[in-house]
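Labels A, B, C and D are assigned to the chains in the order they are written; within every chain, residues are numbered from 1.
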Amino acid sequence: MDSIVVRYLEKPKLSKPIFIEGLPGIGNVGKLAAEHLIDELGAKKFADIFSKYFPPQVMVQDGGLVKLVNNELYYVKNVGRGVDVIFLVGDYQGMNPEGQYELTDYIIRILKEFGVEEIFTLGGYGVGRIVEKPKVYGAATDEGLVKEMEEYGVVFSRGEPGTGIVGASGLLLGLGALHDIRSVCFMGETSGYFVDPKSARAVLEVLIQALGVEVDFSELEDKAKQIDAITARLRETEVKPEEPAGGRDLGYIG
Amino acid sequence: MDSIVVRYLEKPKLSKPIFIEGLPGIGNVGKLAAEHLIDELGAKKFADIFSKYFPPQVMVQDGGLVKLVNNELYYVKNVGRGVDVIFLVGDYQGMNPEGQYELTDYIIRILKEFGVEEIFTLGGYGVGRIVEKPKVYGAATDEGLVKEMEEYGVVFSRGEPGTGIVGASGLLLGLGALHDIRSVCFMGETSGYFVDPKSARAVLEVLIQALGVEVDFSELEDKAKQIDAITARLRETEVKPEEPAGGRDLGYIG
Amino acid sequence: MDSIVVRYLEKPKLSKPIFIEGLPGIGNVGKLAAEHLIDELGAKKFADIFSKYFPPQVMVQDGGLVKLVNNELYYVKNVGRGVDVIFLVGDYQGMNPEGQYELTDYIIRILKEFGVEEIFTLGGYGVGRIVEKPKVYGAATDEGLVKEMEEYGVVFSRGEPGTGIVGASGLLLGLGALHDIRSVCFMGETSGYFVDPKSARAVLEVLIQALGVEVDFSELEDKAKQIDAITARLRETEVKPEEPAGGRDLGYIG
Amino acid sequence: MDSIVVRYLEKPKLSKPIFIEGLPGIGNVGKLAAEHLIDELGAKKFADIFSKYFPPQVMVQDGGLVKLVNNELYYVKNVGRGVDVIFLVGDYQGMNPEGQYELTDYIIRILKEFGVEEIFTLGGYGVGRIVEKPKVYGAATDEGLVKEMEEYGVVFSRGEPGTGIVGASGLLLGLGALHDIRSVCFMGETSGYFVDPKSARAVLEVLIQALGVEVDFSELEDKAKQIDAITARLRETEVKPEEPAGGRDLGYIG
C-alpha cells in the first residue's frame, strides 16, 4: 500500500490560504487550540489522511461505529481580514522519525497545491511547573514574521525551547523553509502534566490577532476550570505537606 | 525478497464469501474461536502467507519437522444458511505498525479477488479481571451491521474499548471500509492474563447465529475446564489470604 | 546504497556443494563449530557480504587496520566422501526481522547459483544449566533427513526447542524449503551463559559423520578447558554455599 | 521525499581535497576538533544535508529563527602544505543503522565527485575515567597510513577500541575502503562523561601535523578550563570521601 493516502471529500478553491497545524503534542495545546478555532469559525472538513506511519488502530465512536485513525484537513473562507484558512488536526502524529518527515513532506506538497504561502503551527512548551499566566513563545523562518508576531505578545529568544522543536510543529517550519514557505510556531507555556486549555487559549489570543478574527472562549474556559479543579485537588492532597507556606505559585514540581 | 508472499495450494471458487479473522491477540480469544470453527466446519487450507513482518523463526513440529511461521487461509463452502466462508489464522500478527498495515492491505486485496463483501474479525477485550460470563462487545463499519449484531446479544457502545481496537482486528475494519467492505469486530471479555476458551466460546455463540451454523463446543469446554482448574489453584494459593470472604467472583486482580 | 552487497574474491566451480551456516548465536556454538571446520579442512574465503542490516561498525585488527563488519563465504572441494562445501560465517546476523529475512533470502539466491541442494545450519540450544555431555538436537525440512541424522545421534522431537528456532539457523530452513532446498539444523545443548566449545564439538561430531571427514579437535579442547576452568571457579565462589552436597551436576543455575 | 537531500550553496573546485569528519559522538571530541579547525582555517560552508534519518526537529537560533537539523559541508583551499580540505560537521549522526549506512554512502559519493582520496575521521575513545593527558588512538585502512600517523604520535594496536568503531567515524573507513579511499580514524581518549575539549586538542595536535597547518588553541583551552572547573568541583563533592589519599589521578570512576 502507499505509505500515505489522502481522500478528498471536496477540493475547495482557496485564495492564498493560511495553514494552521494543531496535532496532538505536549499538553495537547495545539490540538485544543486548532479544534476550538475550527468549531468557532465553522470550518469544514475536506480531506482525510491515512498512513502506515500512524498506529494500526481504529477508534470506536458513537453507536459502536469505527473510524480508522487519521489526520484531517478543514478549510474556511474569507474570515477576519478576508483570509482563507486550512487546518490540520488529527488523532496522531507520525510514530517514528521517518514517518514524521514523510507525513510533513506530504502535507507540504498538498499545501503548495492550494497556494499556501504562510504556515502557523501550534504547540505547547513544557516547563515542568504549573503556569498561571502562560506566555506564548515563538520561532519563525524569517525576521519579518518575528517582528509581526512580537507585536501580538509572542516571545522570541534564542534557545527557547532549548531542545529545539520536535515533531510536526517544528518540521513544518524546517521543511516548509526548504519549499520557500514562511512559517511561525506558537508554543504556549504548559506544565506538560495535563491537557492544558488555558495554554491553548493563550495561543489562540495570539492567533486571532494574526488572523483578525474574533472567537468565543467559553467552551475552552469551561475545560480550563475542570482542569483547574483537578490540579487544585492535587495540590491539596500531594503538595501541601511539603510546601506549607501556601503560595499561589507551585514553582517547579517536576 | 517481496515483503509478503502468498502460496496458493488451491484457488477455490467461492460465492460472495464471508471473511473471518482469528489471529493471535489478547487471551488468544480470536485465534481459539476461529480455529475451533475451522475444525468443526471442516474448512480446508488453501493458502500460506509468509512475510518479513513476521519474526525470523521456524516452529518445530511432529517428528522434528520445521514450519516457517506464517498466516493461513482456509475456506468452507455452503455452510449454515448457504454461505461460503474464508478464514484467516496464523502464528503471528505483523510485528510493527508498518507490517500491520501492509499485511492487512495485502489480505484485503486477496479478499476483493474472492468477492468478499463482509468481514467478521474476532478478538478479546481485556478487562483486567476474571469474568464468569463474558459479554461480547462489537464495533462495526455501518449501522445496519450494528443493528443486526445487537439482535445476537452483541454490545455496542461508544468508547468500548476506550483505547480503540489495535491490530489486525481493528485494521481490517478500518482499511476494509476504505475498500467498501462492511465489517464488524466481535470482542469477548477476557481477563487478559490467560488463554481464554470461555471467552472464545462467547464469541462463537454470536458468530454461529450470524452464520446460521451449529457447532459442538465440547473441545472448547475441555480447554476451558483446564484453564479454570489452573486459575482456581491460583486463587487458592495467592488470593485467599488477601480475600478471606471467599466469594465466587475475584473482582480485579490486576 | 543497496541493502546487501556481495564482493567476490573468486567464483569457484563447485559440484552440488553442501552449505554449512555458522553465524554468531547462543553460546556461539555454530560459529565455533563452523570456524573450526573451516580451519581444519583448509577452506578458502571467496566472498564478503556487507549490509546495512549489520551494525554501522568496523572491527580493529592486527596493526590497527580496520575491517567493516561482514559475513564471509568459504569453500572447500572434494572432502570426506567427495563433497564440496560452502561455509557462511561472520561477525553478526541481521539486526532486525526484516534484515534477517533479506539476508537469508540473499544467501539462498547465492546458494541456488552454486547448485546447493542441501543446507546444514549450526547453532546452540540454550537450556539454562551447565551441561556435561551436550546432546545435539535437530530439526529438518523432510523425513529423509531426520532419519539420516538420527543415525548420527541427533535427537528430533516435537517442540524442541519450544520457542522454535529464531534467526538465520531457522530461517535458512524455512526459506530454503520455499526454494526446494533440503535442510537440517543441528543445535548443541548449551547453558547460554558462556561461549561453549564443548557444545560446538558435539555438533561437529555429528557433522563430520554427515560429511565423512575427519578433523582434529585439540584446539576446541583447549578452548573448552579454558571455559571449564572459568566455570569451575564460578562454581566454587558462587554456587557452593547454596549447594553444599557438591555433586558434579550444577542443575539449573538460571 | 528523498531519504537524503543535499542543497549546495556553492560547488567549489578543489584539488584532491582531504576530507575531515567531525560529527557528534563520545565526548563530542570529533565535533569540537573539526569545528575548531573550521574556525581557525576560515573554512566556508558550501552545502547543507537534510535527511529523514535525522530527528524530526528544528533548532531555535538567534532571534527565534529556526534551522532544520542537518549536516554541513565546509571547504578551505590551499592550507598547510598546499592541500584543499572538506569538512563534515552537524547536529546529529543517522539515528539508526540503516541511516548510518545510507548517510555515509551518500557522503562518500559526494566525496568521489570532489576527487577525495584520503579521509580523516575524528572521534573520542571512551575509557571510563578522567584522563589528564589523553593519548590519540588510530585505526586505518592501510599500513602506509598507520606508519605515517605513528610518526605523529598516534597509537595503533589490535583491539583498541575492543568494541570496534561504531558510527560515522568507523563507517567512513569501512565503506570508504570499498570505494578505494584511504582513511584513518583519530580517537582521543576521553572519560565519556563530559564534553572534552582537552581530548579534542590532543586529536588536533595530530591533525595539524598531518595537514601541515598551524592553529591557535586558546578557545579550546578556555573551554577545557571550564570543564576542568566543573569536574574539579565534582571530585571535591563526590569522590573525595571514597578516595581520601588525594592523588591527581581519579582512576576509574565508572
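FYI, a contact is a pair of C-beta atoms (placed from the backbone, for glycine too) under 8 Å apart; a residue touches a chain by one contact, two chains touch by 3 or more.
These figures come from a predicted structure and were not determined experimentally.
Enquirer: Which chain is most remote from subunit D in terms of Cα centres?
Expert: B
Enquirer: Do the two copies subunit A and subunit B share over half of their interface residue numbers, or under half; same or different?
Expert: Interface between subunit A and subunit B is built from largely different residues.
Enquirer: For the Cα fit of subunit B against subunit C, please give the angle of the superposing rotation, nearest 5 degrees.
Expert: Rotating subunit B by 90 degrees superposes it on subunit C.
Enquirer: Centroid from C-alpha atoms only, then distance subunit B to subunit C, rounded to Å. What do you get?
Expert: Subunit B and subunit C have C-alpha centres separated by 38 Å.
Enquirer: For subunit B and subunit D, what's the span in angstrom between their mean Cα positions?
Expert: Computed value for the inter-centroid distance: 54 Å.
Enquirer: On a C-alpha centroid basis, what's the spacing between subunit A and subunit B, in Å?
Expert: Spacing between the chain centres: roughly 38 Å.
Enquirer: Going by the contact rule already set, what residues in subunit C reach two or more other chains?
Expert: In subunit C, nothing touches at least two other chains.
Enquirer: Can you name every chain pair that touches?
Expert: Pairwise, the chains that meet the contact rule are A-B, A-D, B-C, C-D.
Enquirer: Can you list the residues on subunit A that touch subunit D in the complex?
Expert: 94, 97-98, 100-102, 104-105, 138-143, 146, 156-161, 163-168, 170-171, 173-175, 177-178, 185
Enquirer: Touching subunit A in the complex: which residues of subunit D?
Expert: By the definition above, subunit D touches subunit A via 1, 5, 7, 50, 52-69, 95.
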